[in-house]
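Given below, in the form of structure tokens, are the structures.
After this come two complexes, each holding chain A, first together with chain B and then together with chain C.
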Partner chain A sequence: MDILYSIYEVLWFVLIVAAGIAAIEGYFYYHFKLHDRKWFMAVSAVFFPLAAVLLCRYVGLVQGAGSGELWAWFFITQVIINLFFKHIIKGRFSLPYMLLAPAFVGLALLLVYPFVFQIYLSFHDLKLTTIMAWKNTGHLPFVGIQQYINVFTTSPLSEVSFWALLLRTVWWTFINVFFHVTGGFALALLLNNNIRFKGIYRTLLVIPWAMPQVVAVLAMRGEFHSQYGFVNIMLGKLAVAFPALAAMGFGPVQWLSDHPLATCTLINIWLGIPFMMVVILGGLQSISSSYYDAADIDGASYFQKLRYITVPLIRPVLMPAVTLGTVWTFNNINVIYLVTGQSGGTERADILVSALYKAAFTYNRYSYSAAFAIVIFAILFFISVFYLKTFDAAKDER
Partner chain B sequence: MADVKFLKVTKKFNENVILNGVSVEIKDHEFVVIVGPSGCGKTTLLRMLAGLEEITAGDIHIDNILVNNIHPSKRQIAMVFQDYALYPHMTVEENMSFALRLMKMDKREISARVHEAAAILQLTKLLKRMPKQLSGGQRQRVAIGRAIVRKPKVFLFDEPLSNLDAKLREEMRVEIAKLYQRLNATIIYVTHDQVEAMTLAGRIVVMNHGIIQQTGTPIEVYRKPDNLFVAGFIGSPTMNFLHGKLSAEGEKLFLKNDSLTLYIPPFLLADGARNAGREVVLGIRPDDVLVGSGTRENCSEKIEGVLEVSELLGHRENLYIKAGENRVLATVEAFFNQSPGSKVSVRFNYRNMHVFDKKTQQRINN
Partner chain C sequence: MNKEAAVYRRKKLLKYLLIHAVIITVVVVCVYPLLRILSISIRPGDRVISTDLSLIPSGADFAAYLRLLKDTMFLRWLWNSLIITVVTSFIGVSLASTAAYAFSRFKFPGKKSGMILLLSTQMIPAGMLILPLFLMIMKLGLMNTYLGMIIAYSVSSLPFSIWILKGYYDTIPRSLEEAALVDGTSQIGAFYRIILPLSTPALSIAFLFNFTTAWNEYLVARVVLFSAKQYTWTLGLFELQGQYITQWGMFAAGSMLVTVPVLMVFLYSSKWLLSGLTLGSVKG
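This part shows the complex of A and B:
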């Protein structure tokens, strides 16, 4: 009967979520429809903070002490919301706001709150030695920007410095994205021809992307095993078949222990090509064939057509994909973490985000990690803005 | 400049026959319009000449050189596409000079040619613009300019005006006519619009179902259509068709159907008695349907009918008349002052009447 109990729990959860959404919608509906009543300010400023405090106490978020302060906060918030609805919104756009409300509240809980908490953490000192005091007294020592200074001056791991990690990450991102784009482009060009069984090829090529990454990466890690992995077996056979190659030092390689970053890179290239291929193929198929006809008559060779027509015309789809790919690769903890083993594994393949993970959950330096994460966020933010700017500039051209 | 020869050109897509043995000779400096309904193979024929489609069978010669296996860029042709195919990421100038730059031509020569073409087409001020920033007519002119700068032997136009609105189309039609006088080039122009064909062509090639139906000057095609298809396709409004059977009464020949008996004079169809019993279609252009009861020379007896609808076009008026089971369209001077439902009588002008065999669809009078 376990299964019945599970279903019961799921239904119960759905019910709570539905009730929550209903409460949010009711709250907004009240503000939209009754904002011009005389009693609006007074009633809502009393009722909603009271209800919120009671709810918090019922759920157990606060005990007896501290609810007075909570009440004050809720009261101020509610007054601001009231003024906003009374004087700015004035009951307009009720439907769009009400439809957006659940998503906004969800985003606020899942993104905004953690982000704000992270910023808070980054200016304090939460680590293994202070966490119990924080739990018992609620007090965290304020350290200003010391954590940010630490990010740049101390190592997040035991060996590698922040700057070495940054350089490695940039290199890793560049190599990966470069091969994703070129590989995806080459495959897309092949698939864009009129060939038989195109659908089958496309499906096969998309598999690495469609598989859960954990499964794909662990399977590939097996293939790089020094003794039983497909890669080394093939290298060994080749070395036997071509002694000249073997004489030049060609042969099986201790992938995981000697070249962890190269292994990760090879695996991640294999994982990332399908996405670029699909995006570029879409771009290629949207290019009108009459451009190629015109170029044929103009006397362009295959590579000239590629250079002067295909590449400029797929740029609008390519640039956002490259931006996304850059961010994903920069942030790709899965491959590194799963290939090099978890905590205690080698640090020679670590990039910023995997070092961040280790700093937080292996070395338990929470505030330091919060600052570290914000630095990484800032780097990615500037990369994205730069990409989008160049993309906008490219778009203005046409 | 050069002449173009199609010899029994055939195109098949798998089992679908698109072109079935097309043979035309196009002379130097000639403006030839290939016209036909959509799907008749006219664009395919043009693309085969350009080298963009493979030739299933037959030969194409440009300037007496067999070009079947020559690359498009080596055929010395230039093509203007229906959707213009201007490269969207290049300026007008770059678009026009693209082919020349690929030929690695001298930069000054390129610039001179581009500016010359731009001057002809009034594009000089637009050279730095992107195609996106141009109107439809301007894009059309850039597409033509791109063809001009290459100084090709043959210009190919693939429905160049079909993406423009009616007024612009008229303007560009005149522009193209002027351009032809100026360039004095061999032009092959594909369209489905018979007005463009009539106004622009030195010679019209009418195509249908992958076969050439008739080749001739506009006036030949209009006055003496070879078959029912050409008769119905060329001319606006469309020709009237009266279906019936020829029967002889003594020396006289009549067309008869359920509600009409029409005398066929000997000068229209000689050897009348031999044709008796034949199923035919009579074709009369709306201009040759005379409304009113007064007798005129070389006209038929009057036929009584009822006015169904009248359309005022300005200086002309279209009258849709029903005479028994036959529907007849007459075009008369405005204003025809009768309301729908009133009785009108019409006469047909025998001089411009066409007789087609119903079975073979071919013209049987002279």
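This part shows the complex of A and C:
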């Protein structure tokens, strides 16, 4: 019965989406094909704003007051759109725009609008005590840049400060990407030799990447358990086997409670190496062997070949992979939240994004986290621009 | 001469063995956690929590699997995930297929900036949009429903899908469509009858990408769904693992049931996914 109901619910939704797409296409069709009719301006200036206002009321985005103002806004927008289509577009390019319309309307509603909404939130005060009022009336107190000041002066969680988080994030990103790239590079070099079982090795090596991340992280978290995880069992056995090591303080460690960040880092390194390995291996295989043959004739050593042939030639593959890897690592909430996110979890392993998630959904400080998110976005934006610049510079060198 | 050759051969053999030894060590590190999950899942109930390291425990049985299917809502969670994921991927791929066609075959003002816009959306941290999406879903009254989840997921893989599909359409010669146009089809007809059937591989890869992204998602589900009946499997497994000591065996069993199909699909499609990831950059 439940299953039937869920199918019904989903079919209904698919129907709504189809109707939405039809409406969007109809809207564009009208503007592209009928723009030279006499009644074009008059009909659309009345009909579309009215439909939009009714839709907004029906969905519940606007309650009670404000419809008149909304109608005026829609009217002005519609007139501008009409003039644009009548005098500038004149029915050209109708097909590509109509093909693009559904995708871009979707992106605008679910990607651009949330982003703008986030900026709006960051200048207002939405928290647990004001959320009911906001839900019912849509009104929020304006607080200016107070939230941004709070981000830098108060802790996003309960004790750790913004600056400590920033430092930790940089450290976390650097360590992870460093080990991902060097580990992936070393493995790819080994696999690129002419050896037996290469295909099997490659398949087995990508397993950490291929497993669902939630399963991989939770399973590894279990393996770091102080008593029953295999990491500590192995450490304990090693300490028994080599008393000299044990004498130096080597032995089982309380991973989750004493070293949460180290645990997360180890898990994430384990997760991230396969991706880099596969990317770099693809790059290595595309290098023609004639370069190496020529270098052999000149008597180049292994490291010379590595330095002057391999590294420069896989650079075009490596750079985008490293950029992607950096952004992914910087944004990695999953690993840290799954390891430390349960109630009573520590905040000593949190990086910026995981603190953002916790500030919003564990501490329910919505506007604060909106401002926090904008700050993180700005940081990431500068990093990306910096990366792209260095990438371009490297391109010019070649 | 002979001696030198022998030394050379021994050196080569040594290198060969060394490479294999190193790779096998790393393979063990990569695969071992998965094998551990397997071995925990078949441990008999009274020995789930132990420091035993053997891969096949003595007295292995499948009781944990049975308990998982009978005592928890695991099947229901899988069903929830499946519905959300299939609808999401279906919507995502249909939107992407037409948009990619426009980018691949037409010249129009705003084409370049549209492509750049798509790329730049990838720079927005995924975690950043969870809060506004959560508030929107709450305001629309879609908390704890499939629809809320589908809305939150549906466009997240769209830019990437458009990029892969555009790359694939670009490799299909235009002369095929031109021939169809001469024979009297419309441009849309040519798209549906020629381009779409020809790009089945790329469409299925885009579908798989959408599918795995939504299937493995955890963070949005955590805030949108709050009753155990509506959980996706990621939330369900987290709950089982959260109660650490008691349900470790069931967690392991559930993990195996989810992981094995995902691994198979991934191994089948990884080459494609990767070529999609690096396509733009290598060409650039």
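In this section, the second predicted complex is superposed on the first by the 378 of 398 C-alpha atoms of A that agree within 3 Å, B and C clash if a C-alpha of one lies under 4 Å from a C-alpha of the other, contacts with A are read in each partner's own complex, and residues count from 1 in each chain.
Please note the rule applied: a residue touches a chain if its C-beta (ideal position, glycine included) is under 8 Å from a C-beta of that chain, and two chains touch if they have at least 3 such contacts.
What you see is a predicted model; the values in this text were computed from it and never measured.
Visitor: Superposed on chain A, are chain B and chain C clashing or fitting side by side?
Guide: Superposition result for chain B and chain C: fit.
Visitor: In this superposition, which partner touches a larger number of chain A residues, chain B or chain C?
Guide: Residues of chain A touched, chain B against chain C: more for C.
Visitor: Of the two partner chains, chain B (first) and chain C (second), which one does A:Ser290 touch, if any: first, second, both, or neither?
Guide: Once the two structures are laid over each other on A, A:Ser290 reaches chain B alone.
Visitor: Looking at the overlay, what does A:Tyr357 touch: chain B (first), chain C (second), both, or neither?
Guide: In the superposed model, A:Tyr357 contacts chain C only, not chain B.
Visitor: Looking at A:Pro141 after the superposition, I want to know if it touches chain B, chain C, both of them or none. Which is it: first, second, both, neither?
Guide: Neither chain B nor chain C is touched by A:Pro141.
Visitor: Contacts for A:Leu110 in the overlay, against chain B (first) and chain C (second): which applies, first, second, both or neither?
Guide: Only chain C; A:Leu110 stays clear of chain B.
Visitor: Applying the touch criterion given at the start, work out whether A:Phe377 contacts chain B, chain C, both or neither, answering first, second, both or neither.
Guide: Touch status of A:Phe377: second partner only.
Visitor: Considering only touches as defined above, state whether A:Gly251 meets chain B (first), chain C (second), both or neither.
Guide: In the superposed model, A:Gly251 contacts neither chain B nor chain C.
Visitor: Please give the nearest C-alpha separation between chain B and chain C in the three-chain superposition, to the whole Å.
Guide: 8
Visitor: Taking the complex as given, what residues does chain B use to touch chain A?
Guide: Listed in rising order, the residues of chain B that touch chain A are 47, 50-52, 71-74, 77-79, 81-83, 85, 87-89, 98-99, 102-103, 130, 132, 146, 150.
Visitor: Could you please specify the touching residues of chain A with respect to chain B in the complex?
Guide: 288, 290-291, 293-300, 304, 308-309, 312-313, 315, 397-398
Visitor: Chain C touches which residues of chain A in the complex?
Guide: Interface residues on chain A, with respect to chain C: 2-3, 6-7, 9-10, 13-14, 17, 59-61, 93, 95-97, 99-100, 102-104, 106-107, 110-111, 113-115, 117-118, 121, 126, 135, 187, 190-191, 193, 195, 201, 203-208, 210-216, 218-223, 225, 227-228, 230, 233, 270, 274, 278-279, 282, 316-317, 319-321, 324, 327, 330-331, 333-334, 337-338, 342, 353-354, 356-357, 360-361, 366, 369-370, 373, 376-377, 380-381, 384.
Visitor: Would you pull the chain C residues touching chain A in the complex into a rising list?
Guide: Interface residues on chain C, with respect to chain A: 16, 19-20, 22-23, 26-27, 29-34, 36-37, 49-51, 53, 76, 79-80, 83, 87, 90-91, 95-96, 98-99, 101-103, 105-106, 108-109, 111, 114, 118, 121, 123-136, 138-141, 145-147, 150-152, 154-155, 158-159, 162, 187-188, 215-216, 218-219, 222-223, 229, 234, 237-238, 241-242, 244, 248, 251-252, 255, 258-259, 262-263, 266-267, 270, 274, 277-278, 281-282.
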